Amino acid sequence: MGQSLAENLNLLDGIVVSTLVDVHEPPHLFGATAYASLDEVPPEQIDVVVDFSQPASVVSSAQWCASHRVGLVIGTTGLDAAQRAAVERAAASTGVIMASNFSIGAVLSERFAAMAAPYFERVEIIELHHDRKVDAPSGTSIATAQRIRAARAAAGRLTPPEPTQRFTLEGARGADAGDGIQIHSVRLPGLVAHQEVMLGGPGEGLTIRHDSYDRISFVQGVALAIRNVDASCGFIWGIDDFIP
Amino acid sequence: MGQSLAENLNLLDGIVVSTLVDVHEPPHLFGATAYASLDEVPPEQIDVVVDFSQPASVVSSAQWCASHRVGLVIGTTGLDAAQRAAVERAAASTGVIMASNFSIGAVLSERFAAMAAPYFERVEIIELHHDRKVDAPSGTSIATAQRIRAARAAAGRLTPPEPTQRFTLEGARGADAGDGIQIHSVRLPGLVAHQEVMLGGPGEGLTIRHDSYDRISFVQGVALAIRNVDASCGFIWGIDDFIP
Amino acid sequence: MGQSLAENLNLLDGIVVSTLVDVHEPPHLFGATAYASLDEVPPEQIDVVVDFSQPASVVSSAQWCASHRVGLVIGTTGLDAAQRAAVERAAASTGVIMASNFSIGAVLSERFAAMAAPYFERVEIIELHHDRKVDAPSGTSIATAQRIRAARAAAGRLTPPEPTQRFTLEGARGADAGDGIQIHSVRLPGLVAHQEVMLGGPGEGLTIRHDSYDRISFVQGVALAIRNVDASCGFIWGIDDFIP
Amino acid sequence: MGQSLAENLNLLDGIVVSTLVDVHEPPHLFGATAYASLDEVPPEQIDVVVDFSQPASVVSSAQWCASHRVGLVIGTTGLDAAQRAAVERAAASTGVIMASNFSIGAVLSERFAAMAAPYFERVEIIELHHDRKVDAPSGTSIATAQRIRAARAAAGRLTPPEPTQRFTLEGARGADAGDGIQIHSVRLPGLVAHQEVMLGGPGEGLTIRHDSYDRISFVQGVALAIRNVDASCGFIWGIDDFIP
């Protein structure tokens, strides 16, 4: 992930990947200097640190960035509460942008779902992933359902109860994410990462589908974060604010 | 349903709707004679009876057809075991074709799913219906899952277990129809009746989708049954056999 | 269309369909009075006229509404330039809301496509309709393409040229709606009215799909227009402004 | 391609990749011997040659296999008529299985489209590929259209003419592949290789969709060819015959 991200970021206007850090094996990128630890890197050499590594490393990165007032973009997931708190403390001294999903398509997809939700009677989400994924439903689908619920509540549009159903097989209606929003998780080999938000009203439907075929889709969103992070921005969750 | 079916069948080559029966109100079709009960109909006037009414009426129709050796096509659903047995007894004396779904697209869709199933690692079904449907999953999705299981078992292709999953919300993986086949039931206003069978293998997916937009889709399958029923065919379930 | 619209509008809070006009045959709705011409209707009896009829009638309706300062909602399509001009002149004396599509899903779908367009490299539109439709591509797809182009132009995001293609069969890439936006028109029996806007970028895709299954989908949008038209609003095209 | 194919084939039961040939750089696979040319390979060491290289090399491979009566599986595309003829001549002395697409999903998808086509009024194909593809429509879509036409012709089911259409933008209806079958080619970054065959009849639709996400999808089909090729089988086009 880091290697591919570095190569693709380096191709973009205004971004130079000058420095690589890998604790396990020396990474390589033409024109960049490699280090085994961030502590060895001369801080004047960099404007922004991008961290897609392990939760434990993220805390060190955050502390290093805070000491040197260097911006930090975090794509690492799975931080526990203490690690997350440490990152937020560091953000008192520098800017940190942290997101679980840097795909601009995913951000827009969630936003459109929330915008449309108050105009439809009922909403369901189907998320489809490869069969090696070990959690269900996906974090993105839960976050999407929460935004949809908030938008419907703000508009005073609550979902009417379903007719009482007879279940021939238990569980067919999926997971209830609140306010009648059902989430269905499909797991099949071949699939990558896909999500459909389906909204239904009298005689019509609106479907917002996002397909991630390749992690290269993160590059544009990471670049957006790099361009927007600075020592004074504090802690920002997600790249939503930078997509006007 | 009966009225629209009669009108559309009457437009087809080689089919004349000569007689209508309705116990509640006199039906109307230009050129056809209407009766309040099948008992009043002169048997020599008809070759085939088509019954899309109520379970109780179906038993009388079957007995009448058996007495007069007139073929019977049944689209009525919801018969209990005794009613079903009575129909099968009648079929000893005449031909009866009975189906829960006369859509040729649905029949092919189920067939293709079963044909493809042994070549893929894993199969899931999404069935999508309007939100007034009171049972889940749909009868068609259960029948499809059973055919898929049978085809996989016959080919000695069993589904490998999924990785142990962590459920953030219970139920997201839908109903288990056996052999790892999951069924997901989506209910939204606007939708009519739709089903997707998704098959996944290394690096690829095959999806077979059937959309019913209007009950007029039954007409072609009912015509197929009419053309194939005769006094000697006994009891036949489904129109599969007539789609070579 | 008129009959079904009247029945469904009448069910909504705050809307009473008091008056029906049909030049051909007397329409019927419980509680409403029927007239053969708008000229016979006492103007004090109505707040808003809804016209889903013929282009020629629309001009008379507009003039009548202008004389009596009654709001007008027009869903009739196919007006020629002179008829359109007459309607706009009438709007100097009263409020007129005119739209080719009153489906809220269609409006949102067009809006989201335009909002997302600047963030993706390339956009294509597939519109799918029943096979009796006599024009291609659909008016909605052309309008959608125009909004997408405008949004991309405003953001300075132009579509890069495609690689030179070898065409085995001419025409496979569909209609060019400008700035590399291709429109593909599918016509099949069974279909109703559907549109997919597909946006693609590195490693990901966003698809916005709208399905119209039934003209009842217009009711909510017509109600929105009725609630927003008044004698002073002038001429307004589309219901976009009333969906915040 | 060759490297990944070799690694994945080697994992399958009953297949051992014993020998690698690459004219450009020495390939590597644990347990396999590498050669710069097929001429250097001891023929007794192999049962089947798999060639996914260049058209010119394929002719040499075919001649070598014919001399040594070793089976040959060819996935190389773009052979000219003379090269193709040379391969077929070689097949007089050994077995050759050649295909443009080794994906089992693609084979089934084409087969199901042809099986279903006689039962529907009209058929259209949408093929969707990444935007670096330089030909349109795809070879697979043309082959699919040809099988559909043949199946419809054999069943005496010809497509009725469309209503005369008014084109607002030329080309929207796509390429005409004969008998009213239209092909639509979508090109977007992010996409890999996808095809939908849409069949429509009164009130219903059947869609057969194939998604190729990764070339690893070829492995299973190549294995099928390897298991079925032998010195006496002659020239066989496609893997269809081995999927019962």
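Quick notes
Order as written gives the chain letters A, B, C and D; numbering starts at 1 within each chain.
Keep this in mind: a residue touches a chain if its C-beta (ideal position, glycine included) is under 8 Å from a C-beta of that chain, and two chains touch if they have at least 3 such contacts.
In this text, all values refer to a predicted model and were calculated from it rather than measured experimentally.
Taken together, chain C and chain D share the touching chains A, B.
The most distant chain from chain D, with centres taken as the mean of CA atoms, is C. Rounded to whole angstrom units, the spacing between the C-alpha centres of chain B and chain C is 38. Mean C-alpha positions place chain A and chain B at a centre distance of 44 Å. Multi-chain contact residues of chain C (touching two or more other chains) are listed as 190-191, 199, 201-205, 211, 213-214, 217.
Taken together, the chain D residues at the contact with chain B in this complex read 8, 103-106, 108-109, 112, 115-116, 119-120, 199, 201-220, 243. Interface of chain A with chain B (complex): residues 121-122, 124, 126, 128, 131-137, 139, 142, 162-177, 182-191, 198-205. Contact residues of chain C toward chain B in the complex are 190-192, 211, 213-214, 217.
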